[in-house]
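In what follows, structures are represented as structure tokens.
Across the two complexes that follow, chain A remains constant while its partner is chain B and subsequently chain C.
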Partner chain A sequence: MRILAALTLALGLTTAIAPLPAYAGPDDGGSLVVASIGVARHFNGAIQSGVATALPSTQLFASPLQYTEDWTPEPYLAKSWDVSEDGLTVTLNLVDNAKFHDGVPLTSEDVKFSIETIKANHPFQTMLAPVSSVDTPDATTVVIHLEHPHPALLLAMSPALMPIIPKHVYGEGDIQTNPANMAPIGSGPFKFGEYVQGEYLRLDKNPDFFIEGLPYLDEIYIQSFADPNTLMLAFERGDVDMIPGLSSPRDTKRLSEMDGVTIDRETGEAIGAINWLAFNTKKPPLDNVLVRQAIAYAIDRDFITNTLLQGFASPDFGPIVPTSPLATDDVEKFDVDLEKAASLLDEAGMVPGADGSRFTLSVDLTQGNEEMGRNIAEYLRSQLKQVGITIELRATPDFPTWAQRVSTYDYDLTLDQVYNWGDPVIGVNRTYLTSNIRPGVIWSNTQQYSNPRVDELLLEAAKENDLEKRKALYAEFQQIVVSDVPIYFLNVVPVSTAHKSELGGVPSSIWGVYSPLSEVYWQ
Partner chain B sequence: MTNLKQPLVFLAQSVGLALAVVVLNFLLIQLAPGDPVSVIVGEMGGASEEVIAQMRAAYGLDKSVLEQLLIYVSKVAVGDLGYSYYHNSPVLQLIMQRLPATVLLALSALTLAVVLGTLVGVLSARKPHGLLSSFVTVVSLIGYAAPVFWTGLMLLLLFSAIWPIFPTSGMVQMRAPKGFMYYVDVAHHLVLPAVTLASIYIASYSRLSRTSMIDVLSQDYIRTARAKGLPEGKVVYKHGLRNGLIPVVTMVGLQFGQLFAGATLVETVFNWPGLGRLAFESILRRDYPTILGILLMTSILVMVANALTDLAYRLVDPRIRSKRA
Partner chain C sequence: MSVVSMDKSPSVAEPAVVLASKPQNPQVEALLLFLRNGTAALGLSMMAIIVVMCLIGPGLYGIDPYAIVNVPFAPPGTPGALFGTDFLGRDILAGVLIGGRPTLIVGCVAAAMTIGIGVLIGCMAGYFGGWIDRALMKFTEFFQVLPALLLAMVIVSIFEASLLTITLAIGIVGWPQAARLTRAEFLRIRDLEYVRATRTAGARDFYLIFNTILPGALPPIIVASALTTGGSILFESGLSFLGLGDPNMMSWGVMIGQNRNYLLEAWWTVSIPGIAIFLTVLAISLIGDGINDALNPRMRKR
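After this line comes the complex of A and B, so read on.
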């Protein structure tokens, strides 16, 4: 009885102490207004990818691991983890004080349920495909069994990819239409406050967050904007405190000239968006590798990154973003060489006609993309003319029209931005695997590129747990793909964060602000 | 008898019109390339074939167009506007959430345009070749000719950036005040979008009321009124204006539909959370049920507006009242 009383007293004390501000830490309180250009379909990141969902989802839900800015996993819901010698089992030891926002404790059952739900419903099917079963020997232990070693698994446990959702809320009925997708219950640092469609989502501080003393902020507003110009004005006027995923060089430059504004440019590397020029490799004359290489030699990448993009985007030379630990820069760079381009075209039998033109190609553009789309396409038109290639611009009024054309192979060349999503298995393989040539599916292998050696390398690297060996496999893959030119790589699309300088603790993780904002505070 | 028949005929016409709107729009939308699933998949960063097929089936997109149309019409008939693929919410709920913002914006702009337009029209009609008249003509034509999104952006630059007395976007501040101050906040946010939207229509109303008033003021009964020795103000505003207003009322009815079209652009520029922005976003995302729902809702609103115009005629002009009754 006395023990029970002591226990009650102790529990009472902890609950009494917990909401108090951390003494030496930053000031508690305040609210943050974050802008969002996209509209989130809902906030359940277990079944919906994309940054518009990831931003709220990573606040609402916690995940097994977090990642630092140098690609190192850190404890989150899992206080420790262990990958077996053969790489076939991964064991997670969960914290024992995590609770969902409705007060129900988070257990291994919820983790098992989340893994199974993500495997069955998440658009990135490769992420958890090798998971054969999940065991829960006790409430804080999760044992994941794999069909083969799966090095991408740890990264897939990041907040942006593996929100742990409560089984007692999402376990019943069709998860796609579960009302809790719009008003989630998670265990993250912030809980769902209010959603006014078209205006804002308000997230409130979770006072029972399992990491004591966090979060600092009282509330976060995610305000939706339809027009980027309006958003820029609102930020300049001080109505908005933070812009995530800033990629436009023009806007970055404009904001960097403002006082009291900080722009984190080295963040969000795991999102890894690459701007590229894709070739329809089955359509003559682009089915000839010499023609594709000639085009690559004719383009001056430096001009694009330094002049058109004003140095606000770094060049990209291959299919894996240069900041990834798996990237190599030992690939053909295609330094601009117009003579070589012309002779390659001659070699391919593409001789100029009476008007000096060898052949005509069209370049497709995604709607609304001016700086990394239209401007570059205009440049390509004048540049490729010098080697006798006539370029016609085919701008599409909106995204669905473009996606329809490209995914049904009704195109020659297209500018496109595609995301790595951290591990090649998640975001890179899809573009190059022969098995992923799927008509009608955008961002599959729409180049219709096929190279048996590439297929082999990608499948092998997906199972290789040894980092050095894995890097070597991907290095060969990158060299082959760059030389085969199913895609000419242009630049890394920045995922910068612009925020008021009084704001501290903005995450610099590889996931940028698509990770918990629990340590953000006002100075 | 006629009293009963008229509303019935009107109702039948309206239902027929609504049906035509639904069917036509449904077929038109099918002509646009791509479908909602391709957009959802696109924004998710790609998905496997299985997930795509699953989604198409869930949204009924695997059925033939005719089947989809029949299902849609039968649902609309019982007041079910369907479920938005993109926004994960019933369309009716979505529209009802956005409708007040648009109605507020449209009515404020319309009121502003009518009152201001008529006022300057009448003033300039009193001296048709005076300085004020020429000035009004030029300014209102500029407002009429300038693209509405340009006007909006210019006003934003002027009054939100250079001289920041108005907010840039939205209908309320984040961290919004409560109670009475909430309405003040909304009104503060409303000024720029309403002025922008009104700018297109002020021209029409001032020109129209000017012409109409010039015409009316040259009528015999005005001369009679003046001859009776009535003060000029009473002649113009009591005898003249009431007659001069009839074309203005007609115009209000006619322009109601256009007002929604204009609202789409204004709402996008000012991030106003109304139906127009929802329509714009839904078209880009091929969210068929939402687009159809909005089109249906706006056509119903236009029909209602026309009916109200008809009523307004009777109030303004007793001759119509007696003729039709």
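After this line comes the complex of A and C, so read on.
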């Protein structure tokens, strides 16, 4: 793919419309090549989760709200919004100049349709579950009625989670098979250009975007790469301008040593991926909390983050990523203490046998992830041997086999990476609620962890609109879960963005580059 | 009756005695030729050292290959870690010593399987000929046209990666060569006069195949099995390098596979087990060449 580097030079000729005079007006035009690992099933983020869909979906569709880097909601399609005193109604006042790419004006009907579609089809069921009905008193007003207060709703209106899709395009027939999923019509800063399956998706500037003067870029290519190594080489050759979702410490280190490359490491906090060690809490001897705590004390988290991950990932101590406003660091940290671990195991009645081994546990892991999977598993084997626990690695041939084993509780320990997705209601509750012990469903409560107080706290916090009270409820939840150790938390999986340094305006939102790239420009 | 028989009558354990006396039978002659061959003797002594080190080395060295004994990536020569440490800080020397065991076991067992299946199929095809030959050779071709590494990867991926599945996989993909070799030898030998004579004397198929023809066909097969052992070791390393090794066995290939990402930062983590593989395969090749020379009638005339 030839992306005209010359275009960048020619930019001076086109006069910028200078929309946001806050800084020296960035030049218009140019094209951007963004890499994507894996191929999106389609580009309709209203019915499909995952970053491969979110990246194009957030360019094609606008959403009611946007989020800044400090978790503050900002106007997008909704120029203002209001949550009622009792928390049961949320009113959105839409902008009046938004149009879909086919020229049809965007109205409150489309927002109502989108909310209903997402509620019925999106994999994140808890996101809009409390929505009982949506009213549209006029073309620019949307009134959302809730069964109970639902503080997660505002975050669920982010570009990555609530694309507003046109009713006149998606309203007919089964939305899952709607051809417009592959060639969407939205109201976002970029419109669908061309898609070559498995190669690239071209997005063209939307000249009628409702925010005047934006976007700056003429086109965006989202190029698919099947293999991270090929992607790295393409970036080093200069064929790719931006890599979103960079998490490998090795690759991050390699790119940070390159000239003319900027790596934004403090983005995408809302995605909130945590790398953790999950326990099957119903399987002896792991049903004994003392055994689980002993394992937690035996592991040296600092060794993992500083040495194995070379300092490119920060430690995580609890179920909510530390960058979330709802996180607390007032939890048991389980600083490494081998003597304490050994005495806890003795107390649990697990005494060493003649060969010095107390018992054997298997560790499952998915294939392909070396740095945050296999290397850590190898470390666990060496480390836990010191307290008399023999670890066997169970090589899983493929992802479905692993998912099958873990979701049917045929495992002892497993390494896994699970996403917070912004609000605990969306991405955290599923792992701990007793009601979510669902055999056969991966990323449900596969630990079979059950604590009535935790259930109570989570349900209460989901309905608490007062931020301080909500924080207090989640603080107690985090303390209980951390000391019960259904999961030992290892590290935050970085979601960095690597891009050429000439690129300006790269979103610093909590959603990272899974948000509109309308303000991105070439310097 | 046979050139090389499978029975143990010529004692390998007493070469000195044999050397002293005037060589009488072909086996002893072959052994002498083998031992006089400098490179073969070198190979044999290298192999002997490697085997002894793998057997008693871990016990003598006493360091657990899985224990974190030092800082990660300590270079070779660090006190307490002669060959350096890997990405976790585990001792490379301890790993190399213990890693020889699974490596050699996989190599030998897989080679035995390869030769076993190959010889059996080759015997049948070459001896009976006709439709049996055609059917068996079509079957062999079927395996021959499949890319060996890919097929082995598929087998290991479908079943879990363990020492057993890896050995089986190597055995299953490796046998066609041995089958073709055996078949060719059988086709050459089966109509020789001594075979005809035995047949005329009333020998049955089974006797003819295993007691009359096979001994004559053995020399190239023996050489092939030596080379196959080396090949199997390389194959196991290749699979492990691709991440398909048995994660609970520290073989040389697994060591390389686990450390390959750090090749540029810490060459010793990959190079040292790599050298171990190289030396072992080299020793086996030298032995194979030596056997070839010793069993080759033309060499004997010199």
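Note that the second predicted complex is superposed on the first by the 499 of 523 C-alpha atoms of A that agree within 3 Å, B and C clash if a C-alpha of one lies under 4 Å from a C-alpha of the other, contacts with A are read in each partner's own complex, and residues count from 1 in each chain.
Note that a contact is a pair of C-beta atoms (placed from the backbone, for glycine too) under 8 Å apart; a residue touches a chain by one contact, two chains touch by 3 or more.
All figures in this text were calculated on a predicted structure; none of them were measured in a lab.
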| item | value |
| --- | --- |
| Chain B versus chain C, judged by how many residues of chain A each one touches | B |
| Contacts of A:E347 with chain B and chain C, given as first, second, both or neither | neither |
| Partner chain in contact with A:T307 - chain B first, chain C second, else both or neither | second |
| First, second, both or neither for A:V39, with chain B first and chain C second | first |
| Which of chain B and chain C A:D398 touches, first, second, both or neither | both |
| Which of chain B and chain C A:D96 touches, first, second, both or neither | neither |
| Partner chain(s) touched by A:R430 [first = chain B, second = chain C, both, neither] | first |
| Contacts of A:D27 with chain B and chain C, given as first, second, both or neither | neither |
| Doubly contacted residues of chain A, that is, touched by chain B and again by chain C | 367, 398 |
| Chain A contact footprint on chain B (complex, rising order) | 32-35, 38-52, 58, 86-89, 94, 97-98, 153, 156-157, 160-161, 164, 167-175, 267-271, 273-274, 277-278, 280-281, 283-286 |
| Contacting residues of chain C [partner chain A, same complex] | 64, 66-68, 72, 87-88, 90, 157-161, 243-244, 246-248, 258, 261 |
| Residue ranges of chain A touching chain C (in the complex, touch as defined) | 250, 307-308, 367, 370, 374-375, 377-379, 381-383, 385-386, 392-398 |
| In the complex, chain A residues that touch chain B | 31, 33, 38-39, 41-42, 48-50, 52, 121, 123-125, 176-177, 181-182, 196-200, 221, 223-227, 229-231, 233-234, 236-237, 239, 367, 398-401, 403-405, 407, 419, 421, 427, 430, 438, 440-444 |
